[in-house]
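Both of the next two complexes hold chain A, though its partner changes from chain B to chain C.
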Partner chain A sequence: MHGSSRLILAHFWAAFAVFAVAIPLGVWQMWVRSPLHEWLPNPELYYRAVTAHGTTFAYVFPTLIAMGFGYVACVVSLGRPLHGVRLAWLAYWLVIAGAALALATVAAGDATVLYTFYPPLSGSPNYYLGILIAVVGSWIWVGLMISHFLRWKRDYPGLPVPLAMFATTAGALLWSWTSLGVGAEIIFMILPNAYGWTDTVDPGLARVLFSWTLHAIVYFWLIPAYIAFYTLLPQAAGGRLYSDKMGRVSFLLLLIFSMPIGVHHLYADPQIGAGFKFLHAVFTGMVAVPTLLTIFTICASLEIAGRLRGGRGLLGWVAALPWDRPMVLASAMSLVMLGLGGASGLINMSYALNSTIHNTQWVTGHFHLIYAGAVVIMYFAIAYEFWPHLTGRPLVSLKLVRLQLWTWCIGMLATTLPWHYVGLLGEPRRMAYFDFTNPLMAPQAFWDSMSAISGLILLFSAALLLYILIASHRTPAGVMDTPRLSLAVEPPRSLPRSLNSFGIWILLVAALTIANYGFPIAQFLFVKNSSVPAYSVEAP
Partner chain B sequence: MADSPQKPATEVVDTAERGWAYAVGGVVAIVFAVIVYSGLHWAAQPPSNVETIDATQLHVAGEFVEANLGTETRPQPDGSIIVRVIAQQYSFVPSCIVVPADTPITFRVTSPDVIHGFLIAGTNVNSMVVPGFVSEVRAQFDQPGEHLMPCHEYCSVGHAGMWAVVKVLSRSEFNSAYIGEERVSCAR
Partner chain C sequence: MKPKGNKRGSGDGRFAVWIGATAGLFLSTVVVGFIWLPSAQPGAAALDWWELICSAAGWPAERESFYPNIAGTPPSTVSWTPATRNRLTTGDATRGAQLAGTCKNCHGSNGISADAIFPNLAGQDVAALYKQLEDFKAGKRNADVMGVYVSGLTAQDMLDLATYFASLPHPVVDKLPAKNPDDALARQLVQKGSPARGMAPCSVCHGPVAYTVGTPGLQGQQRAYLEQQLQAFAAGTRRNDINQQMRSVARQLTDAEISQLSVYYSTMSQ
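Right, the complex of A and B next:
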């Protein structure tokens, strides 16, 4: 692919390598804390595994996929080679080096603070430094995406930037802005404290800064999946994209509304007043809009494909879709999980309802369903879609691919739906063991066992994924056609500036950030006594 | 397309999308209405008191010294009863809380060390406990009974052992059991 295959494959392979390490950790955690296993003699091992699993899947795996897929979107949609390839490799190695430093520190037991950090818990500075290095690496990628976007616009003035490139740039801008929260928390609060330069740290302020990142980071993970919905799925289904414009509107809305809403993670926090909690609740409702628009456009695009393939009647077109194609199958599974996870998300975002399930296993169920389910299954579909183009070899078996997707979808549903239920019963998240002999905990034993067993299905599915990718890399080389992106029913010939550039929207994002985060952060200049000494978790 | 009786594709797309946009607007409006209604009508408000306290001095002086923890038996002027709790690595003090049913309860919770969570299972009582801040949560228990009260935020290695219990007694039982005592827990 325009000479970039090695770079892109390096990203995907690194992502799936850390995936291969972190998935078994998650499965192990469910197993050891379920009634099927005796209590761990050393619970620290459990939390160490949670830290490694969370760090990998929050900061490393999706970042590598987004970067790799960003380069794919660049070369395929712009139809020309990448520039700044040496910078791209630098970004790659920074992410790898940062991840290696952070994860090695976690493995040594020196940073069992979970991926959310939550000072005043304090681990080895190497852990935070590693994450910071990885984030800085990803910022280079952000710069490259913006540069490709601008250079193409300069070369083709007045023409619409292809949707895949437009959306990738929106994702890059979103990440650059939202990662500033965790970046500032690490640089100005956590590292000075971990190195011993400051005596105290303000846990309330740290939580506010982290919330700046904590919500929009999920949309950074989601955007590659949405790009696949808009630019790969209609083509794979044999149809057309219903509306190119609506795609642009959706990505712009994601960019605008995913950021000034993070305080909804702090509904139960004492350091934020009711007014700002409510304001963020309102904006959180707005972020449902681009997802609802996307679901409409994607279903309409699939209907076009189904009818072109001879589907008749109200729902006959559904049966006529090419369900044997991985992209079509994975997208449908993704939409099912997105729908269920979105429904539980509506409860989380509800200012009052959240009290019933805040920080229970329900929340873990919610974000695993959305991210590990709806989003990650699309990462698989993206890998399957481009593997032949990247390696020059066909996939080893479509049958195995479908089995892998089915087991992931069923495994994830069977893992996370019981989590929602036990969360409703009041089971807290992040616990190394439970006393199921307590009659008040006993009703949860069955459901926790079900999740633990479903974890084994996910483990099988993950192993199958790796087998398919490795085996497909070793089949004899074949002649691969050039990758193509979906055409819209009416491809835009020209667009208003607002749908073809980001200038005005960046101003709006900045203004909304100041409006929604200005006071919640600035108040810490005035409150007294809120800083406390750090508590080290480093192995003695 | 000009002489075709069919509408051009862009027009069909635009009409359908406009219709859907209205539907989406309706959905979001309903969600807002439910949030506002439940927030105001049921006074379902998360803890938002933004009240700071010196976390390093809790045990020495002030509201959260040990003798002042637990359930106050004397009601406030508005009829509510205050329960003060410390969440610390790795226990709650008191670790068994006793409260009367059908009485407004105000929980005041803080931490001397790291972040903890405060959740009474089967109720809407749910708050983060952030050192440096006091979390105030209001609740009322309709039924006598027993609830688990786990810490729900990771607070380092002993976290999974950090559970307490809330015992809800009927009003008359509570009043007769604790005559003449100012502050009570299950251990009296």
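Right, the complex of A and C next:
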């Protein structure tokens, strides 16, 4: 790995360390609010666990994976060492320090505000400061990725930037732009209020700024999974990528359309006009395009692999795929969960249909299926793919790896599909307990119990993942191949500027953001009496 | 050597196509979302084009109509504006202690009453104490007893008194009573509320789960006082609850529930 293995491993290990802490918290939440457990005497503990779980999985775990995998994409696709390694370590330690500060504050009970902050709830400033430090750390990584992209282009003018690097840069640009929303909310609204410099906070404006971040952040989490689909899966399946250009188009569309759509999280918010809700709904529909392009390209690539391996007939190539390989197995599971979660997402993004499931457990089911299911299982696959290259040691057992992937997939489906159903029945999300003796709630008891029990499967799977990673790190050193990325059927020799650069696309992203967010934000300069006093949740 | 197609400024038609398509999508969505859909809403016929666009943008045409004039007298003269809340942090407990001599005759020398009909004041929230004093003085709460004591107090006096009693040690700690088969009704109401009657759990405003601004914590409060006040809210003889929050709950409670609730909160102690 061109001398970068330590840096990359540090990212992966830190990510899986926080994963190990936050997964049991999620399982515990499902358990204590299910009919299988008595009511918590103090619901504060539940919300503290929700805040820690959400903070870890929104700001820390995927950021570390995206950063680590970004460095992998850099060194493997560009075939040369990283530059700015000291800055990379600085970014790493900022993320670690910020995460530690934020999570310690939550653990102390001083910031039970959930990871979405929800002003006028107000916690200890240390919590927000911690998140800000972590985000600033990730901005250094963004700078490094852009710098690697530009330097390579300078050194090899006219040649296509390798797809993995192109996509990683798209992800970095997306994150830099979308994290400005939450950054502005923390710096200009929440921190001054938490420090007592301002008496009031405007929840409407805060929610609009958070929505700026809230949807595209999911695509920032998703992009490593998509990069794996395009650049790791075809080779792991024994074939080639169907189209390199389709990959570039998909990543560009993700960059352009995932940002100016966040108002679809605010359909029930009175401070946004219906016209803007409609506008964002239409553009939300557009992000389905790169996902559909990706599913098409990946299935075509897998068909190439299956036929190369002797598959015949309409679907014979499916059976011929090497299902014993973790990357192939995980990708198929990921696509199944992406399909189901994407379908429930279509309900969420529809202005009218959304009202039936708004703020219900359906929404929790949707984003866990997409993120904790489709995306995180690809993080596992990425870790399994590169662990031997990073540690110089083979994986301890492929059988255990497959068991881990199966239990994660089954556990996640069995956890989240019941959530969808109880959401349809009207079960609200973010509740510390439910009164299942109420006839209206009684039909949900069985399904909530099913989710809680499925959580134990996920706990087992998480423990197995950690065992495999630790045990593989301790096996005797072996001789590992050089890591390689998938070749396209027709590798591009030269590309038009539109598929090999970002300059004009960034302008388009900025223009769309101003068009879609300009008025919803600027209106707060003129609306009066929309600020309220904060409600402190700090422990007395 | 740079391939010809990649030179800066060389015509890559995709930019124009993509940007044009995106702009086209944006403009057509704006036409549909800001003109056509709002014009199809009931009552849209009375609006001109500009008003349609403003309504879709969420901009009310007449800002004044946003704040309707409400007839009648408010249930309290206290409102929890930032200014009020900031002022509540400026009380002087020492001065309050000097003024509190008379109060102690009924509310106890340490703010814990010896007679169950008088509420404990020790360790109560400043905002809750202040609001009741203001309401007594303004005649918003029945002041047969308290009227004579509050009539001479200034706003600063009331703030200092509230700060003093808030500073005294609370008689109880946050702790749920041991399970008792006789308090099932109260336990249900305090912890879960009564969704079928539209009643939120008592504990989410009055503690121990959470406290909303200006709401008294009830743990360890005097039993007879709690029962009397719930009956007063139910009968409508006490009316200083903003938006009838307490009256709408209390009038749905049965006598047995009121009695159990009073016992439950009064025994929520060490």
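Simple rule for what comes next: the second predicted complex is superposed on the first by the 540 of 540 C-alpha atoms of A that agree within 3 Å, B and C clash if a C-alpha of one lies under 4 Å from a C-alpha of the other, contacts with A are read in each partner's own complex, and residues count from 1 in each chain.
In this section, a residue touches a chain if its C-beta (ideal position, glycine included) is under 8 Å from a C-beta of that chain, and two chains touch if they have at least 3 such contacts.
Keep in mind that this is a model prediction, so the values were computed, not measured.
Asker: Under the stated touch criterion, which partner chain does A:Leu346 make contact with: chain B (first), chain C (second), both, or neither?
Answerer: A:Leu346 contacts chain B only, not chain C.
Asker: Answer with first, second, both or neither: which of chain B and chain C does A:Leu293 touch in the superposed model?
Answerer: Only chain B is touched by A:Leu293; chain C is not.
Asker: By the touch definition at the top of the document, which applies to A:Asp202: first (chain B), second (chain C), both, or neither?
Answerer: Touch status of A:Asp202: first partner only.
Asker: In the overlay, answer first, second, both or neither for which of chain B and chain C A:Ala274 touches.
Answerer: both
Asker: Report for A:Tyr156: first if it touches chain B alone, second if chain C alone, otherwise both or neither.
Answerer: neither
Asker: Between chain B (first) and chain C (second), which, if any, makes contact with A:Ser355: first, second, both or neither?
Answerer: A:Ser355 sits against chain B, while chain C stays out of touch.
Asker: Could you say whether A:Arg430 touches chain B, chain C, both of them, or neither, answering first, second, both or neither?
Answerer: Only chain B is touched by A:Arg430; chain C is not.
Asker: Output check: A:Val282 vs chain B and chain C. Expected answer is one of first, second, both, neither. What do you get?
Answerer: In the superposition, A:Val282 touches chain B and chain C alike.
Asker: Considering only the touch criterion stated at the top, classify A:Trp93 as touching first (chain B), second (chain C), both, or neither.
Answerer: In the superposition, A:Trp93 touches no partner, neither chain B nor chain C.
Asker: State whether chain B or chain C is in contact with more residues of chain A in the superposed arrangement.
Answerer: B
Asker: Same chain A residues contacting chain B and chain C, which ones?
Answerer: Residues 43-44, 271-274, 278, 282, 286, 435, 438, 440, 523, 533, 535 of chain A touch both chain B and chain C.
Asker: Can you check the complex and tell me which residues of chain B touch chain A?
Answerer: 9-10, 13, 16-17, 20-21, 24, 27-28, 31-32, 34-35, 38-39, 42, 44-56, 89, 113-115, 117, 119-122, 124-136, 146-148, 150-160, 163
Asker: Which of the residues in chain C come into contact with chain A in the complex?
Answerer: Per the touch definition, chain C meets chain A at residues 1-3, 5-6, 8, 10, 12, 14-15, 18-19, 22, 25-26, 29-30, 32-34, 37-38, 53, 55-59, 80-82, 85-86, 176, 191-192, 195-196, 208-209, 213.
Asker: Which part of chain A faces chain C closely enough to touch in the complex?
Answerer: Touching chain C from chain A are residues 39, 41-44, 157-158, 199-200, 256, 271-276, 278-279, 282-283, 286, 435, 438, 440, 494-500, 504, 508, 512, 515, 519-520, 523, 533, 535.
Asker: Applying the document's contact rule, which stretches of chain A touch chain B when the two form their complex?
Answerer: 43-44, 46-47, 50, 112, 114, 118, 120-121, 202-204, 207, 242-243, 246, 266-274, 277-278, 281-282, 285-286, 288-289, 292-293, 296-297, 300, 346, 350-356, 358-360, 425-435, 438, 440-441, 489-490, 523, 527-533, 535, 537
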